[in-house]
Structure formats: C-alpha cells, structure tokens
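I am attaching a structure below and will ask some questions about it afterwards.
Labels for the chains are A, B, C and D, by order of writing; each one numbers its residues from 1.
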Amino acid sequence: MGSLNSRKRLEANRERRLNLDTAAIIQSIKDRFPGAVAEQTPGWVTINKENLIDVARFLKDGPSEFSSLHCLTAVDRKETVEVVYHFYSFKQRIMLTVKVILPNADLVIDSLTPLWGAADWLEREVYDLFGVRFQNHHDLRRIMNPDSWTDHPLRKDFKMAGFIPRPVK
Amino acid sequence: MLSKINDIVAGFISILKGLAVTGKNMLKKPVTIQYPFEKPVMTEKFRGLVDLYPEKCIACSQCVKICPTAALDLTATTNPETKKRFLGAFSYNGELCCFCGLCQEVCPTAAMYLNKCYEVAYYKHGDLTKIDLLKADKYQHLTPPKVKGLKK
Amino acid sequence: MELQELIINMGPQHPSTHGVLYLQLKLNGEVVLDCQPHIGYLHRSIEKIAENRSLTQFIAFTDRLDYMASMNNNLGFCLAAEKLLGITAPPRAQYIRVIVAELNRIASHLLAISTFAQDLGAYATPLFYALRDREKILQIFDQLCGQRLTYNYLRVGGVSGDIPVGVDLLIKDFISYERRMLAEYQDLLTGNIIFCVRSKKIGILPKELAINYGVTGTSLRASGVKWDLRKDEPYLAYDKFDFNIPTGQNGDSFDRYYVRMVEMEESLKIIEQALGALPEGDPVAKVNKVFRPTGETYMRTENPRGELGFYIVGDGNPFPYRLKVRSPSFSNLSVISHLVKGLNISDLVCVLGSLDIVMGEIDR
Amino acid sequence: MNYPLIDLVFLVVKGVYILAFFAVNAMFLIWLERKVSAKVQNRLGPMVVGPHGSLQLIADTVKLLLKENIVPSSADRFVWWLAPFFVAVPTIAAFLCVPFSNVWIVRDLNVGVLFICSITSVCVLGVFMAGWGSNNKYSLLGGMRAAAQIISYEVPLLLSVLVIIMEAGTLSMQGIVHAQEAGLFLLKPNVMVAFLVYLISATAEVNRVPFDIPEAESELVSGYHTEYSGMKFAMFFLAEYANLFIISAVAATLFLGGWIGFFRPSAVWFLLKVYGIISFLMWVRWTLPRVRMDQMMAFAWKILTPIALVNILVTGLLLVLKG
C-alpha cells in the first residue's frame, strides 16, 4: 500500500508541476498577445478566434515547442460551438488544451493546416460533423459522410428519420 | 563484386532458413478442427444468446435499463393487492444484441444468463428479432443443419 | 509521346486495403504520382451513440473501434472515465488490466506483422501462423470474459471478473510458447532476403513529418522517436515493470515491422512480471451504480496502433455530453499520401500494410 | 512400311490421351497444392468431398463448368474470348514432346527442347491479350507485367538449358535422357548451377511465388484473369498448373535423367521426379513473399543472366578440355 501512496504523491507532484508549467505558458501567451486570452481555468485556456493562428504559431515555434497537434475536436454548446485543440509538447511533456468559442451564426475559424499536417483531416472531420468552416484549409471536404450530405450529425439539433435519442433517465 | 556474391549467398541461405521453418511446420499436427463434424466446447463464461429462467425473474427491468442496444423489452404487471410485480412478456431482439453480458451481470436473481449457443444462423430476416424469452423452445429454429458423423 | 496518367480506384473492396479504405491513385505506369485516401465507409457515428449511452453501456461500443485490440480500447475509455470521475482502480485490477492489455497488444501485433507479410505476397502462411498463435490469446480471453473479439471485460473502477483458476497457467504456457514462435517468425520473415528488399527503404517517414502529422505508436517509434506513453507518462502500474522501448533508425516499412516484432517480446516480459507480482484484493473498486460525469477530461493510452485518446465532456447527466475518440489509425493514415509519392504500386501496398490501420477505428 | 491412316489414328489416340492427362493432371496438382499449403499452415485442407477431399476438384470443375460466363460490357470481346485459348493450347502442345517413358512420347522431335521452350512462350501473348481485352486497369497492369517478366526470364532459362544441350549434344528430349543413362548430368557442378538458374527462371516463367507479379493478389486483385469467370477462368487455371507440370517435366528430363530409374515401368520414375520438383516449388510458394517488378527484372538481367553466361563459358571450356 505504501508504494501506492507514494505513487499517488508522485502523480500529484507531476500534476502540480504540469499546472505550473501550463500557467507559465498561458502567461507567456498573455504577454505576447495581450487580449488574446478570453478565459483561463486550471484545465484549459480560451482564446479569441482572431488570435488563434498567431497563438498557435507562437506555441509551435516559440520556446515551449508544441510540436504536435494531438487532437482537434468541437463541442456543440447549443448557442455556441467550442473548438477544442489539444497541443502536445514532446520537449516539456505538457498537453495544453486551447478552446475557441464560436457563435452559431458565424462558424468560421482559421485553419491550422499551415502549421500542423495533423490538422488537415481533423479539421475536415470537425467540418463534416459540426459544420465549422476552416478558412485557408486547402481541401475542406466532408470526410466521413458522403459529399451529398447536408447535415452535421454531431450537432445537438441533428434530426434524422429513424434516429431516436434515448431519454435521459 | 565479392560483396555482391556474398549478398547472393546470404540471401540464398535466408531463403533456406524460411523453407526450414515451413518444413518444420509441415511435420506438426494440424491445429484446426473439422467444424461441422467436430464442435468446440464453449468456455464456462461464454456469452451466447440471451436466455432466461422465467421462474427466477422478478421483473425489476434492470437488464432493460442497462442494455446498450435496447435489445430487451419487458412488460410487467403489478398485482394490486400484494403490490408484487409479475412478468408479463419478455421479448429479446437478437439482431440488436451485442453480447456484452451486462444484463447477466446486473440481474439480482441470476435469472438472466447468456447461453452457449454460438451457431446463430437462420433463414429469414426477423427470425431472431422477436424472441419470446418466456418460451422454452425459443431457439429451436436456430439449430444448425444435421451432419453425418458428428464427433463429440 | 504524351504522358498519360492512369487513374485507378484501389478499394473500397481490395484485398490489401485492410477494410473499406478507398485510395484514388494517379499512376504513371506503375509509379504512384498522387494518392488520395477516402474514408468513411464504416462510419457508425460512435461519438453520437456515446451521447446516448451511459459510461458503463458505452464500454461495449469501444470494443468496436479498433476491433483488433478491444481490451486496449476498453482500457483507454475506462481510464478516461475514471479520471473524470476521480476513481482509482484497486491494485489487483490494475495488474489484471496490464496483463490483458499486453496480451491484446501481442494479438494485435501478430496480426499486424502477418497481414503485412501477406501484403508483401507471402501467401497466407505467416497469416496462418499468426492466427494460430493469436488463437491461444483468444482462448485465454474466452476463459476470462466469455468472448473472443468484443470482450467488454473492463469496467469503470476495475474489471468485470477476477482471473479464473487455471488461466494464469495458460498465460504462463503462452509466454514460453510465444517466445519460441517469435524466433520462428524471425527466421521466416525478418531474415528473409525478399522480405528485406521489399520493405527496407520503402515509405520512409521522417521524424518531423511524423510528429507534425500526429503519427503515434509503433510508426512514430520506427521513425526514431523514443516515445511510449507506458514509459513516459505511465498509467496503471506500468512504471513498476522493467521493459524497453524499441525504436527504429530509418522509419521505413521494415522498421515499423521490426519495432512491432520487438515490442511483442517486451510485452511478454511485462506480462511475466505482472503475473508474478499480481497483488491480492478485490478486482473492482466500490463505485456508484450510476455515474454522473461533470467537467471534462482528456486521457490517452498507448494502444497497439498508437495513442488512443478519449475526450469526455460531462454535464451531470448519466450520458456524457460529448465524447471524442482520438483514434491513432486516423492520424497514422493521414500521412499516407506523403509516404507513397514516387513509389511503385507494390510499395504502396507495403507502406499501407506497415502502417497497420484498422478501418473501424478510422471511420468510427 | 508406310500406312498414313494408321499413323493418323495413332496420333489422334495420343492426342486424346494428352488432353485427358492435361485435365486430370492439372486437377491433381490443384489438389496437391491445397494439401501442401494446408500442411505448411498446420491445416488439413479439403476433407469433405471424397476421402481426404480427393473428389473436391471434380466438384470444383463441375461448378466452374456450370458457372455463368460473364463478359465485361466494355471488354474487347474478340481478344477477350481468344485469350484463354492462347494460354491453354500452347501448353497442351508442349505435352507433345514430354517423354513420359522410353516409349511414351507423342513425337520425339529432333528439336524437342527448343519446341517446348518456344511454344510455352506463346502463353505470354494470351496473358497479355487477357489483360488488354478485359479493359480493366488492374488486368492491364497484370498483362504488362507478365509480358515483361516472361520475356526477360526466357533468357536465363534458355541459357541454362543450353548447358544441357552442350553436354548431351542433342536437342531431342529422348536423346537427352539417353545421354544421361551413363550418369546424371546433375552430378557435374556446372549443371548444378544451371539447374538452379533453370528452376528460378522456370518459376518466374509460370508466374509462381516469389515471381507471381502478374497475378499479385494483394496488389492487382488477380491480375490478368480478374475479369474471367466460369470455364474461361478454368482454362487459365488449368493452363497454369499444366505449365507447372511442363517446366517440372523439362527439369526432370534435362537435369534428373527423366524416366531413368531402377525398375520398370519407367514412367513411374518420371512422374515421381516431376511431382517431387512440383512439391518443392509448392513448398517454396507457400514460404516466400513476392519480389517487386523492378527487383525481379534486375535479378533476371543482373544476376541470373551473367551467371548463366559464365556457366556456359565454363561448360564449353570443360568440354574442350575433356576433348
């Protein structure tokens, strides 16, 4: 049992260290781009959509070296759509979660394909399933659904014949 | 030139090595079983089709709630005097079932179980969609075609 | 003479596209000028399904993502859910999880290397040998949880059942058996001159490109990045075991194959250690019957094919508000058009086989 | 003594016997291949129809005969229709010069070796016609590969056969066997090298693993016969195995002394040798991966041909030295 406790402590230490480093990185973003950070929580940072491409370039080429765009997805919050980026730095071993909130009326955001190749398919997926348009994406087509499809299945208001959402018990 | 010849010889030897492996395996006994004539024995925990001991069921419908694919449907009647629930009908859709075994796990009286039937083949679409779990001969129509010389 | 391009549709039904992948190839003779992958033929919208299932129910669906490594998918999802809910599995459950995850990694790698050999034209023989060995793992899993492909064995907070009596002996037998068999594979494939000339220096994936495209797992390690979540961000009890992380030098198809070969041996080592140090205790933590996740979390684990990530957002209801599966094959496949330009059509098949993709996971 | 009518009758009877042998032998080889592959892969192979699945081939043949013959709508019908015959007929013709025993040979031509080597090369025309006529891109690729492969492997093949011709001093198949009655050619080192070169290039000639590039299931689906079904496919299939028999028969005759053996009937010895070589080629097939097109060409021109040429030189020197 002792080893387990020590492991938990270790993990907690690591968690603390990570938070610290994350905070430092967010601070550096704030210093570099004043007004870019809209909201900051222990888990993630929300960035204005105008600043996204600059912040991303800073994250990639800056001292923290977020060389990998690990995951890119979106969450439909009914009135808004959050686009969620998970950046990973092999150098610092930190995962940074960046969110950009888009109003439903204007689902347009800059593409990160010039920076990360991984963004190519992931952005196509988000476009297909959520309808978020990525500016400057070289090949923004549907990826999962057929090209003739008009809807975006992962939106909360998605309706389809025969699809019955389960009632929340 | 010399290295080239060396490469050719080494490549030749590597091919002989590969032949030795397959040659060795040629002498081994086959690992397959002759399926329709010999049948594998299912393990103790094997999860086949959903089955029910109707006498044990208390119609709590926990299995219906936990089923991820909504393959189970249960109607219960309540005796107005004793307030006790009775099982009215219990239908099972084997085409929806994903054989996850959650219903078996969640059943408080071990009335629901997954049987050892793995030969789930049938002739008509719909033969497995409306299985009445209360009937004893519900899976009779799934019995595989008879073969001569079945080894046990 | 005028150069005319030959446009060929490879797939969705093709013997070596590993499922329903559709590659649109532009050929000059047999040389690939351009390769445009089209996916989505197996799209089941698992993420939408997840929004209508409780966490316990969804475990059965994770089996269907990467159906070659269902245990690892179960593990990834359960760990993500546990991280979100603040549950820790008891030590025995953690060890059992390590054992089943590594067994499944071996099963998956066996199939990966043998289908790779099949793509290179070794007619079925390596495939049958691999299936023969994989069968032993499947039998162990069958005894453990009652299924051979879609296990649904792990639960949030532990595993669904303890290791039955006798299965540990089966696993021990398997370890010694598989060590012998791996040596056989080395003779049959690794040393073979034809196998080497077909796969070496083919489809070289440079380190930078791999990281840029989010390539993970064996393909990343074959490019020379010593990165394995089991070692670098240990989850479960992986930090207690002694094992190496094999890496390649060139990042070619052969390296991707060879890294898998060595990884199987390392996995055997891990299983041996975990089985020897299996702690006593309950295999499942005391948890609520209904989970009401709140907040959000991102958890990734090392799958046989790469890093499988689960991003779960909860809003207090039993059903997650949003669930994203970051599947390794998806990112690994996205790099293919860079790898195959200028190669022969035979090499395209070789590269595709060495990337080891599973369409169930790509299309989700 | 000259009775042209009786000669004709004899020829027809022999022809029928060759045709029957062509079909039965190919079916037997398919069964053998299934069994060898099963053995290699720890399986049992066909077991249900007949004892140890021996009647499976009859069932398969009946199935192929009864199957609908599908013609692709955009195929070049004439070429497409003709292609299977171009593959099968030369193969049957090659049986004419195969010495099954000291008397069982349809015609012992005085240029027998040359005849077999040249008539089997006509197959490539059929293969290419099949690839072209199918109007399928995969088939076309397969046909082009086949043409390139068979033509380039013809060179080392003939050069290795040349060694035997030099040793025997005759082109007649029976003559070569008779020349070996004193002692097998294979015991000489230069003939051993020639045998190896012959086996490798013959494997390539009949498109078997590791040189099954024209078919290449995992790349080209099925190569030139992707679009064929029913009896037309069966003709390709039978011709493939008949070809396998031919190259093995030539190998047995040229290098292993044909029907020479310790007891009579000598045909048994011939068939034993042939099926031995075939079994070995099957064993190889179920072990090795496939080489790539350019590697295969490089192998033919840069390795096999020089070896064969040097071998001829050495043989000539040895013969001259021996007087």
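Just so we're on the same page, a residue touches a chain if its C-beta (ideal position, glycine included) is under 8 Å from a C-beta of that chain, and two chains touch if they have at least 3 such contacts.
It should be emphasised that the depicted structure is a prediction, and the values quoted were computed from it without experimental measurement.
Q: Going by the contact rule set out at the top, which chains touch both chain A and chain C?
A: Output, common partners of chain A and chain C: nil, no chain qualifies.
Q: From the centre of chain C, which chain's CA centre is farthest?
A: D
Q: With centres defined as the mean C-alpha position, give me the chain A-chain B separation in Å.
A: Inter-chain centre distance comes to 40 Å.
Q: Taking each chain's centre as the mean of its CA atoms, how far is chain C from chain D in angstrom?
A: Their C-alpha centroids are separated by 43 Å.
Q: Can you give the whole-Å distance between the Cα centres of chain B and chain C?
A: Inter-chain centre distance comes to 24 Å.
Q: Which integer distance in Å separates the CA centroid of chain B from that of chain D?
A: Centre separation, chain B to chain D: 47 Å.
Q: Give the residues of chain C touching no fewer than two other chains, as numbers and ranges.
A: 53, 125, 129, 132, 188-189, 192, 194
Q: Please set out, as single numbers or ranges, the residues of chain D touching at least two other chains.
A: 40-43, 286-288
Q: Touching two or more other chains, which residues of chain A qualify?
A: Only 166, 169 qualify.
Q: Would you mind giving me the full set of chain pairs in touch?
A: Inter-chain contacts occur between A-C, B-C, B-D, C-D.
Q: Given the complex with chain B, which residues does chain C contribute to the contact?
A: 53, 56-61, 125, 129, 132, 135, 139, 142-147, 150, 152, 160-161, 164, 184, 187-189, 191-194
Q: Spell out the residues on chain A that touch chain C in their complex, using ranges where they run on.
A: The touching residues are 3-4, 7, 43, 67-71, 73, 75-76, 84, 86, 90, 93, 95, 97, 116-118, 120-122, 129, 142-146, 153-154, 158, 165-166, 168-169.
Q: Which bits of chain D are touching chain C when the two form their complex?
A: Listed in rising order, the residues are 37, 40-43, 137-138, 141, 209-210, 212-213, 216-221, 285-295.
Q: Give the list of chain D residues in touch with chain B in this complex.
A: The touching residues are 38-44, 47, 283-284, 286-288, 303.
Q: Per the contact definition, I'd like the list of chain C residues that touch chain A in the complex.
A: Counting only chain C, the residues touching chain A are 39-40, 43, 45, 47-48, 51-53, 91, 209, 211-214, 225, 227, 232-233, 239-240, 295-296, 298, 300, 307, 309, 311, 313, 317-319, 321-322, 324, 326, 330-331, 334-335, 338, 363-364.
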